[in-house]
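Look at the two complexes coming up: chain A is in both, with chain B in one and chain C in the other.
After this line comes the complex of A and B, so read on.
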């Protein structure tokens, strides 16, 4: 049994004293109280295993409290007990819609400790794969948003594209989702000889289909506009205060992209625009994602054109023992800033690995933005943030 | 209303951050390395230093908070970005087995969940935090902090008092 004071402390800490009992003044004019409701973790429309404790006044939400941990695997602890290269396949399981970005972030952090030189061809292949991954994440996220609004057709188009990108990944890495492709010092293997042409053909085709399948089908739709315009609106101050990054921040108009402002890999050599929008609502985040997917297509074309010949793996020892110190890696994942902090103590396993996952940080927005909205607006707002359960639960 | 982000040359901006920290808090050990300003402070001064960063120097974004268990002491890293290429890394060391530090949620509201996570994983108590409860682990009857080095992963953990 817990000691009494500990139990009292834990009840206070779990927030049961907040909400309805703490705020009796949210009763309406008829003296009716609010209703507590659980949404998830097993909810057919929920993005993964998330539980929202909602307090409803009629159909309006007055308090929203996200509860996480249903998919927690304590990856940071597991990583402390594995050798440096053996952590890479674990990072694939973090945000499973941005596996390449997770690998890239972790590998950049370890390379920061090691100070190795990466062959230029490997850098180009990394960026090529990351941008394909961004396409394979942004396009389905539009489909999920539409699915939550009750439209089933767009997700079929979106998953057709994701399926084809996964086929490319399968040819390059041997796996469809859990790649283990980006390694410390380079990448696992060179591209198969026919793959650059296949990627080029696919990207050309996607560019032609893009307008009709993802813009014309969705953007002018009356139901889409009425469900998303003005929903989840936030100011730039609020977005920065809540630590948002990625499309949710850029849809408010803050011009920030890790690829341009904290450049890594070969991004300084490539041309692309940072997409912003002013409205800061769900519709704006949709427009930002659409335009970013087009920028990814542009980046993929540049990578294929400029890709140099040569080795794809740097010269490293078999057993990595980085010097004592801190290594940082920071990449722009489709959801925002993915940072890794690796602490080394000079042995062959990391002393501490910390992931800053964009899904986790962006979800703080739910507490701030959902109160005041109707219950059915929660799902479009989840589509604005587009969190992934493996990401926020580590 | 639009937010103004810092402008101008990166090096002069980093020097101005360094001067700001030195003038206000006398942190003589701070240095500029590449695009990073490294600041080491005593745990009691963390809110003051971060308030300087946010209010006076205009660094808007707290990226993350990392806690490192050094077995006997705890390191806490705060990573601040000015969103235009500059990084400020504030590092502090808390002595003792039961770490307590002041919260920074009133300066950077995004620290809320980062501090909750640190409390959950390491048992670091953030004084003045509005809502300090566990993020990932069970709210009740679970009395462990999994990322402590004293927590061995092969041991089976029990839920005290729960049937």
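After this line comes the complex of A and C, so read on.
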């Protein structure tokens, strides 16, 4: 282990302006040099295409430089050349584990520009779909965390749930991943008549097996606890300073949720709790995700119970030409705050679209938190953020 | 005919044939274990496992072997070729060699060494050499880390492994595995796993660590160092490493059976099958191997510092305490 002041020094040296990866000035107390290691972008356990340049002192990580850009697709630039409704399928490709939230965020921003009235049934369907999406994202993220800790089995149980939710999505939207379902002014189509009952049955079943499949086997495991407790710990101040949102922020005890604090859609009419935890480590983020998944189940039930009848699409013209100005939409995606800023110049294509993606913004936690941890702790800390490649690279 | 039989009686030739039989058995065991592993994993993970080749996928190991034999063997350009190619052999030989001291049935043992337990301990620790060779010869930082972890782990867990055997050596007064089996008798409550229960647990845990399986598969660590010391191997060399892993897993189960579960002894006297007592040996070994696989597919992995803490601060003291308890009981109740 390096002495503390050396570790701090190494963090400040972590920029790549020196032009070389190894820093010969960092030596441990025996005068031995450190080992440089390149993790990713082709690494089986890395979340998508992330490259970490690591400097190791034995098994201890001294320096960690995340390098992104391996999945960059110019999403924001392409959006400038497309008409407003045609940007929605592009947003599906951002955070491909929470597509509904991306669509919702973009649509909210454009509706902010347009000032249209959305039928209440469409709002309920949007929230229903978003909360199902949150389940389909939070549950596999537990599996990813376990996979990163070396247990292979939980992920298959988690993907069983995601698979069933995707089947529901397929029935509703016609696609399993790239939905293009939430449209400006409403949603694409009404729910098929048998779907509310199917969702209800599925949610009931999930609630019953939730404890046995995702909590009992994982949470009580001694090895799981020793691998996650105290790993990746950060303080509230640090988390706020880094601009974290979502479970990584709430697991440090900050009570912040866009759904409640900057309400959108019909969330003010629904009852749910914002989950926080005090520890701020990987285990706390796991507990937050588990509890949030249960809250999602609660929200889905309320949506199904309260869902009004009526139209699902507002009255919009064929060609959208918003007045000059800018629109802003923010939603609570499973990974944190997803917000979209759309600037209009009066034409039928946006002048500028900017996405604030939680995967990207939460990523700076890596550089701050990882130095000082052991090499095997990198992966659980990635699981704490649970970033998605399409999200951070846009 | 008579001369042939006489020849067979001669010690070197008998040994040669018997060792060939062991080699055949171990290689087949590795193939069967790979298959069993995938099936067990499948059923634990809500899926079927391989079920396409042959009846219920029973010929899958054959297909795997053909694939691995015909695969190109790629070695990294910077690798130290002699060390790199020698490592799988250094891993495989100890995993096969120890099988010669295991009594499969009454009288069915290749070599009844009077230092069999010492032989087991000594030869299995050669495996650490293979791990270091593989990691060092590959010239990759991932495999180097894996090799360092592997070496540290195998050497550390050797200590509780040896200590856990001492109680049995004290009880039996012999280092020969045949004597150990004979001393345990043909009723299951006289087997050593009852009087030596803590030692059995320690042996089991240290055994898992010795064969580098979850939760002690740090040298592989597929989520951080992607296969560790075997990351650069492909084709036959990789197959040899895998065969060695599975052979040593079978070996650990066989040794645990022999030492703690009465070897080939039947659980109750009337179940004695005479020469066919290898059946009991097989059943018990398979049971232990199944628990290895069960753990493999339901546990996460420990971290290096936790692994060391667990080995040195829990397993070793537990062994020492139980060693004193055993010695004390033996003093009070002679015989």
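Couple of notes before you dig in:
Simple rule for what comes next: the second predicted complex is superposed on the first by the 369 of 394 C-alpha atoms of A that agree within 3 Å, B and C clash if a C-alpha of one lies under 4 Å from a C-alpha of the other, contacts with A are read in each partner's own complex, and residues count from 1 in each chain.
Here, a residue touches a chain if its C-beta (ideal position, glycine included) is under 8 Å from a C-beta of that chain, and two chains touch if they have at least 3 such contacts.
The model shown is predicted, which means the values in this text are computed figures rather than measured ones.
Chain B and chain C, once both complexes are superposed via chain A, fit side by side.
By the touch criterion stated above, A:314 is placed in contact with neither chain B nor chain C.
In the superposed model, A:120 lies in contact with neither chain B nor chain C.
Of the two partner chains, chain B is the only one touched by A:364; chain C is not. Of the two partner chains, chain C is the only one touched by A:45; chain B is not.
Considering which of chain B and chain C touches more of chain A, the answer is B. Residue contacts after overlaying the shared chain place A:76 against chain B, while chain C stays out of touching range.
In the superposition on chain A, A:241 makes contact with chain B only, not with chain C.
Rounded to the nearest 10, the angle at the Cα centre of chain A between chain B and chain C in the chain-A superposition is 130°.
After superposing the two complexes on their shared chain, the closest approach between C-alpha atoms of chain B and chain C is 24 Å.
No residue of chain A lies at the contact with chain B in one complex and also at the contact with chain C in the other. By the touch criterion stated above, chain A contacts chain C in their complex at residues 35-37, 43-45, 56, 59, 146-153, 156-157, 160, 217, 221, 223-224, 226-227, 374-379. Note for the complex: chain B touches chain A at residues 1-3, 5, 35, 60-64, 66, 68-69, 77, 79, 81, 83-85, 87, 108-110, 112-114, 117, 121, 131-141, 143, 146-147, 151, 153, 160-161. Residue ranges of chain A in contact with chain B, taken from their complex: 1-2, 6-7, 10, 13-15, 18, 68-69, 72, 74, 76-78, 81, 235-237, 240-243, 245, 253-256, 261-262, 326, 328, 330, 337, 339, 341, 343, 351-352, 354, 356, 360-361, 363-364, 393-394. The residues of chain C lying in touch with chain A in their complex are 41, 44-47, 141-142, 144-145, 149, 214-215, 217-218, 221-226, 297-306.
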